[in-house]
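Letters A, B, C, D and E mark the chains in the order given here, with residues in each chain numbered from 1 onward.
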């Protein structure tokens, strides 16, 4: 029973790690950002799962009923903030990618590294 | 592509609905899911859709870049300004209870203003970002 | 029933994530990432986080995807094939690349899984998170704030300062994008020539690249006598 | 009004940033940014004084009491870090005008000031807050603005550097979020003081994992040894004024986060005895000191040389922290301030060179001792301080560090600190040799750097000397901060 | 009455799901993008439509039904348009459907300025 209560977390960890793997193993700059997005979204899922109560309902108060069990609203608030932070990071990252493409002509990390290495420090 | 009659007609019908829906989300946020952030994104999505179909120039006629930029900045200022106002009225920073004679109303006003600030900023920012990306593309082509 | 929905969504999420990992075309990867966001929005709904689901659907599947596509329109959606990379520029130590990330990931995941062993079970109403701060929000916000949506109450009032920070983050993103994308395009000066391969071997090109643009022409130092960048 | 100082300190630059972004003229934005940063410094000093007189300041935002709402909780440690950040901000803003006008396209200059102000806001917010999630939000404000600021550098490699920093920074931030989530799962609270109270009751595998993730996440932001690669390119290619600002504030705030999490939230008992973090951090710090100093000697670019030196200095700070005694922590916290002064002065001098010569490579330094006497004199004095010559601030922090190592009976560590200093002699000397003992070979006239660049540089140099001679003030505050962290003393 | 509504609603829900599955199968099995779009259209119109109507029966006479009705209207408006835009973009990007050899493309279906390979082969013969 104990394990059954935890299996959810393991799936979230699997998802996180897939995102993390994309992030650190792929050399394409856009792909890395996609990995970051998946990584972060999976962390969000993990947070939201903390706030869930079995049989609970969305934390919107129902007038006059005292028997309703509401899920925990605090993780929701935190994740709302985190989603916004995530999209902000994505926007800046993508504009960096656009500039890198213009400056280097490629968005492959390996090629950019090689080009960098052939230039002397300024 | 200049001859996309179907798309243009469809977008002309859909965009006002999207904008209206954004306002609904904004002001219904107290009672159901939604709020400033979602509303801002949806509003921006409406403008972006218009821009995608009718082109950047026409979108900028409807919603100039400087307006977007002004909105992006003024939303933050509005939010922080509500805090300063509550501070001047004798409360803690962002303590809405002092905004009106009755704490309940104060909280309502505070949340309304603050959510408005969020919506204005988010909408302005998303549209600004889209404009900058799209303008970059136009130069490339 | 809920378990079944949960399980289906999680399985789909896993498949989509693996799909993003697997596909080589960036356009497909972006669409899959959008689907991933959408599925997670569904999962959020199942877990009673309707506000979060709404935001994730609007942001993750909406705005993020639009931005990604706008980027792809600018940078192209093909991942360069490995053969081409080896041909154009040799990268030392290529062969040991694939192992390190997998080790890091397995290790991190293992530690995380170890950390969950003592965690309270999923959905248990006795969890510490449901005992401490949250009950105050659920029980008191009704008469302290007076609006039915507790998430909005917490977001805008109890933790309103966080939300101000969040708004500032969004604004920061706009400032960042404006700083980055209002720059003059520099492709003519070196984007193209750096793309050709023999030119970069010439050490002076880099130096000119670095300072030919923004510095005063007279100020680039004694090294300026190098060739003017060669034919791009 | 004075009770609202803690929040005004953060909110004033926060409100100045959008205003600056709306301005069209670089000069106007500069005036606004400079004025703001000076107001912030004044407030930070007032707060530091008040904390010393009255003890911990607690401010409930929105009027909601602590675990329900967000709290600003300022003790000596916070006030100390706030002061460092505000002081550097107040000096960088006036410096930035000439530097930006030379390196940045004019239309972007107001945006860069907005970015700098946002970065300042973020760093101040991290240092002031008493809520872990609020800390994350402000961390992201500072990080995202830092990415954009670094990418504004004149070289195209600035873009790649910023991208790498973004990836590493985001991984770090996500790890921090995971850590916070696990702590929250076990305790149900996000308030630091509340967490400190509840964590010991639930100490378990989950808390240990949260600790590990927070450590790794913060170490990424901190550029601790194996995770420092992003820092080198970022500091090398960022615009000069941005490098000055980030080098002397961003990593300092990260060190602050580390000690705050280790000592205030998890508590010395858990961090030291259960996790024994110092046995992990101590070797890493030592490797950082030795390897980064060694690599610095071989650098041909002075900014990159200083970046390697920063990695080594971060090693010193972490060394102090991981000694985990009052003296060790004092050394670490003192070095926060002292290193900000030292690296600020050195990077500012390099900004002057960049302004006039257009390059900071070793060759470009040739003969500058005669051509730009004030700039290079500032560099020499800063360099002496970096080495740790008596009479400079560098000496004070090294002194405390060696003292702490000896106190702990680790003679090897003390010896390695001295070896690191010797290496600093080598790399500083390389620059000095080029500047003073080689002839200028360029074809155009190099003039003295403008006064608006030299003045902030020399203020920092003077501070280096003043606090090197009169160390009672700084070491007093640092000692008290260390005592607060370890929970001893008053 | 309640039972009857329930049965009707479930029949609608299940048949909607059936169409959704058929559409999904079609997307996998069809040979090119245009035919796949055709299959996807089944999911959009019949699948989603029937499910929404089924849900309306569940919702009864309430605000929920009104909202569902609006969703349905929006869906039936937007999905043909997006299908149209998608197919058009595909054509513009150079992929063409499997034209049968002797098929004529009516003028109304042509995008001005686009070169159709079918014409080329026809002229070549």
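Definition applied: a contact is a pair of C-beta atoms (placed from the backbone, for glycine too) under 8 Å apart; a residue touches a chain by one contact, two chains touch by 3 or more.
None of these values were measured; they are calculated from a predicted model.
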Per the touch definition, the chains contacting both subunit C and subunit E are B
Between B-D and B-C, the pair joined by more C-beta contacts
B-C
Going by the average position of its CA atoms, which chain sits the greatest distance from subunit D?
E
Averaging over Cα atoms per chain, report the distance between subunit B and subunit E in Å.
33
At what distance in angstrom does the C-alpha mean of subunit D lie from that of subunit A?
28
In whole angstrom, the CA-centroid distance of subunit A from subunit C equals 7
Counting only residues that touch at least two other chains, what does the list for subunit D look like?
14, 17-18, 21, 61-62, 133, 137, 140, 144, 147-148, 151, 155-157, 178, 184-185, 190, 359, 361
For subunit C, write out the residues touching at least two other chains, lowest number first.
50-51, 55, 59, 63, 67, 70-71, 74, 112, 116-117, 119-120, 127, 129-130, 133-134, 137, 148-149, 151, 155, 157, 159-166, 168-173, 176-178, 180-183, 185-186, 190, 207, 209-211
Per-residue multi-chain contacts in subunit A, two or more chains
16, 20, 24, 50, 58, 60, 74-75, 78, 80-81, 84-85, 88-89, 91-92, 94-99, 103-104, 119-120, 122
All pairs of touching chains, please: list them by chain label.
A-B, A-C, A-D, B-C, B-D, B-E, C-D
Show which residues of subunit E lie in contact with subunit B when the two form their complex.
74, 77-78, 81, 84-85, 88, 92, 111-112
Name, in rising order, each residue of subunit C that touches subunit A in their complex.
6, 10, 13-14, 17-18, 20-21, 26, 29-30, 33, 36-37, 40, 43-44, 47-52, 55-56, 59-60, 63-64, 67-68, 70-72, 74-76, 79-80, 85, 88-91, 94, 97-98, 101-102, 104-106, 108-109, 112-113, 116-117, 119-125, 127, 129-130, 133-134, 137-138, 141-142, 148-151, 154-155, 159, 162-163, 165-166, 169-170, 172-173, 176-177, 180-181, 183, 185-187, 190-192, 194-195, 200-201, 203, 205-207, 209-211
In their complex, what parts of subunit C are in touch with subunit D?
111-112, 114-120, 127-134, 136-137, 157-162, 164-166, 168-169, 171-173, 175-180, 182-184, 186, 190, 207, 209-211, 213-216, 218-223
Which bits of subunit B are touching subunit C when the two form their complex?
25, 29-35, 37-38, 41-42, 44-45, 48, 69, 72-73, 75-76, 79-80, 83, 93-94, 96, 104, 107-108, 110-111, 114-115, 117-118, 121-122, 124-126, 128-130, 132-137, 139-140
Seen from subunit B, its contact residues with subunit A in the complex are 31-33, 37, 122, 129, 132-133, 136
